[in-house]
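Chains: A, B and C, in written order; residue numbering restarts at 1 for each.
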Amino acid sequence: MSSKANILGRLKSATIESSKNSELTPNLTSELSACSSTFGLEQFQQQLELSHAEVINLDNPNQIEAKLKSLIKDNAWKHGVWSSSTNPSRFLDVERQLSKSEILRQVDGSESKADYFHHFDFGLSFSEAAIAETGTIVLHPGTNESRSLSLIPPVHVVIVCLKQLHHNFEQFMLDFEQQGQGRPMPSNLILVSGPSKTADIQQTLAYGAHGPQRLIVITIAALED
Amino acid sequence: MSAIPIRLYPEQPKQVYLYASCLVDMFDPNAGIAALQILEAQGIEVLWLEQQSCCGQPAYTSGYTDSAMKVAKQQFELFDTDIPVVVLSGSCAGMLRKHYPSLLEKECDSDALAKFSNQVFEWGEFLLNICQIKLLDKGETTKAVVHNSCSARREMGIAETTMRLLKQMDKVELVEPKYASECCGFGGSFAKRHQDISLAMVADKAKHLLETQASFLLSADWGCLLNINSYLEQQQSGMRGQHIATFIWQRCYGGEL
Amino acid sequence: MSQHIHPQHFKQQSKVALADPQLRSSFRNAMDYLQDKRAQSFSEPGSFEQLQLRGEAIRKRCLNQLPELLEQLESSCTNNGIVVHWAEDAQQAREIVSGILAEENAKTVVKGKSMLSEEIALNEHLAALNIECLESDMGEYIVQLANEAPSHIIMPAIHKRKQEVAELFAKHIDGFEYTEDVDSLIKAAREVLRYKFEHADAGITGVNFAVAQTGTLCLVENEGNGRMTSTVPKVHIALMGIEKVVESLNDIPPLLSLLTRSATGQAITTYFNMISSPRQSEDNDGPNAVHLVLVDNGRSQAYSDERYRASLQCIRCGACMNHCPVYARVGGHSYASVYPGPIGKIISPHLLGLEATGDLVTASSLCGACESVCPVNIPIPALLRELRSDAKLPSASEQALKGQASHRSWLEESVWVIFRIIMTKPVLYRGLSFFVVRFSFLMPRLPAIWGPQRSNPKPSTKTLHQLMRERKKNS
């Protein structure tokens, strides 16, 4: 018999009046309180800052370009990699500007490991969704974005679209399941709530354990419609 | 264990059983007398069963379930389940209330067990929540540190109750030690089988108790007191723990025992 | 690991640990820190109990349909392109992993934190095959350099002070300039490990939860090493205990919240990584192959016993050890088993048998601190009592836990038989207690029952039974 059959056989023969047990375990769900978007935004930023992320608020998308320029200048970044938003119409102008930039390269799958580890000073991406309660951004690498972009370069800059601010993880999951009805899961879905960190040496917090040392989150108020 | 459900308390009864525990019986009978007299002072008739011995916990926690079960059965059958059983130890109360029903599941009637479990109260819990006792403190101003047993705290959920009862004595400054909720290291046969670990635990407990510089050490559990006092004595410390019943009797009812 | 001495020597090992003031203070400080963090994150009254109720219900429901969910997980994963393997025991699991590595011609491996890989002693196995397997979690990396085992399931190097880490790095990392500054230490390790991530042939991780309906593997972490391990190398192998499967995506949020808050007091970890397939044709990166190894190794034994099934609810948060007064004093290594602390005392007998772990199951005062913080409400003290009872059974039953009845001794047995006889015969009991108080003056002269640092308890001069009889006579 195969290992699978043996294991399943053992489990299946171990019937413990499970029907009785399942009565004891009602499927409880928490009450999902609706959150006003302004309150949510505040909470989102607060939580992110508590996790040591840097939050930049802009009034409208037109300001992104100038902001990025000053970030690049101030930090003396020489090379960056960026991925487009999955919702391009909202950021069309921004993306047009980005693609013209000399120091920025758009993800197309041709980047090597070495590029990510040694060449790029920062990665720039757009976030699909965010979660207020925990200060979390949701990344969805795939066609536009790479997994490495938000992981390997020392800095990750992410532009968050506030229209998709979920109250908590639970609500995000419910919405996600509903919207995704029937479609398979993306190969990778990542929740990020700050820069990489560790407290493994004597409970002392240090940032930049393996992933980015800095997480810069740009939010745009005008998109909140 | 998840939150201990809030317990609803009945009216004050006319009669109760007093279950003293084998430790009080052999090591501090005066606490038993104090406890009994305080109950009587509330106008309650206290029934004392000559056949009570031990709740069976030592065998139970040591893995000798069969012996424990036989002891438990004999003890359980002594009681008429219509009368409250007031127990002079949070730990034995926990055994009677929380463990008898499953331990005796196959031996005794489940309704009777459930009824019995509902009738089990720790002594201080009974006084405060059922007798609504009001203590009148006649003693000198002093400071006392309280050690609540793990069973009182986590199984019976009455650590706060004990504190509230003792706080009624207004001339006693009541304190808890650092790491109040940590175990003193008794645990029945654990203290013997794993002497070194148990010793490290009781040494820390004693240190935190002494740090409070209290004049009295109080507990509602003689198991912990046995352990803590044995350590304090060997270290020649002046502090010695006593049962809360003794302390209350002496301060509020003004009597030597 | 080399430091896995043996749980049979728990007593000696804990004695050594107890006598080490440095170690004692390392653990006490860490426990204080972690207890505090957890308490803060559940500071709202009732917030823990409410979430715990849900967590327990989810874990129970999923365990009740465990075989079905495992089959569903396999088919969902297979549909997504994840290759699923089944291992009955540690040896099969090791061989599956080395088989995959051989096929991929992988010589260097990076590993994310996985207690299961410790459980199956994977590193030693791969080392024997000349495959380098580097731990990439900071704590795991430190203990690997020290050639030790993790001393905690969440914080593997909790027993090490920064001075010790600095010395280790000075010895093992080329060009390391001695410093005890934690930021600089982390930076030094980061450089070493980034090189390894870049060049590793394969990555191995554990799994925190797997979703049956969608075939999704979830990894919870702060450092990013789990993401590195599962993103950069061309092959990703995920090791998972069969109990970790949940039904749907909606089961995840409450469990994640319980896990992170109980473990480190965080509302969420830095990364929550959901992997549902290897790199797809349209993806820009990611491993070309993802393997999932489902490991039983004693779990179906625990599953088949109504009493012990609850232990499989465990989500490995470590809260029970963080609140255990025994663990805080003897440290993780004394247990000499992969899973230390309260839940380890339940798991280890299922991995190693009761004969070898008899001292573990008795090394608890049953204070209940573990149970009171367990996010999925596992009745740890009750399970310990059951294990004690199993160890003392007159004879092992069929299909029993290995080592049942192994700790029965006629001497101890007789003690408890006598106990029973005395306690159930009132006359005998009163006779005995009378005898005890009558000769109480002898107590100090008897051999010390709790060792030399505690005097023997001194009985009173009369029993309560006597006083009550006198009282009755007088009234």
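To be clear about the criterion, a residue touches a chain if its C-beta (ideal position, glycine included) is under 8 Å from a C-beta of that chain, and two chains touch if they have at least 3 such contacts.
The chain lineup, named per UniProt: A = Lactate utilization protein C; C = Iron-sulfur cluster-binding protein.
Here the structure is a predicted model, which is why all the values come from computation and not from measurement.
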item	value
Chain contact graph, described as a line, ring, star, complete graph or other shape	line
Centrality ranking, top chain (CA atoms only)	C
Chain pair with the greatest number of C-beta contact pairs	A-C
Centre distance in Å when chain A (Lactate utilization protein C) and chain C are each reduced to the mean of their C-alpha atoms	30
Length of the line joining the C-alpha centres of chain A (Lactate utilization protein C) and chain B, rounded to whole Å	54
Where chain C touches two or more other chains at once, by residue number	53, 56
Complex interface listing, chain B residues touching chain C	1-3, 20, 22, 24-30, 32-33, 48, 50-54, 56, 58-67, 70-71, 74-75, 150-151, 154-155, 181-183, 185-203, 226-227, 229-231, 233-235
Chain A (Lactate utilization protein C) partner contacts - residues on chain C that touch it in the complex	26, 29-30, 33-34, 50, 53-54, 56-58, 60-61, 64-67, 70-71, 74, 79-80, 86-88, 92, 136-139, 142, 155-157, 160-162, 165, 182-183, 185-187, 190, 193-194, 197-198, 214-216, 222-225, 227-228, 231-232, 242, 248-250, 252-254, 256-257, 264, 267-280, 282-286, 294, 296, 300-301, 303-304, 306, 309
Complex interface listing, chain A (Lactate utilization protein C) residues touching chain C	2-4, 6-8, 10-14, 16, 18, 21-22, 24-30, 47, 51, 107-109, 111, 113-114, 117, 133-134, 136, 141-143, 145-148, 151-152, 168-170, 172-174, 176-177, 184-204, 206, 208-212
Interface residues, chain C side, partner chain B - complex	11, 14-15, 18, 46, 49, 52-53, 56, 325-326, 329-330, 359, 362-369, 371-372, 377, 379, 385, 387-392, 407, 413, 416-417, 419-420, 422-424, 426, 429-430, 433, 436-437, 449-460, 462-468, 471
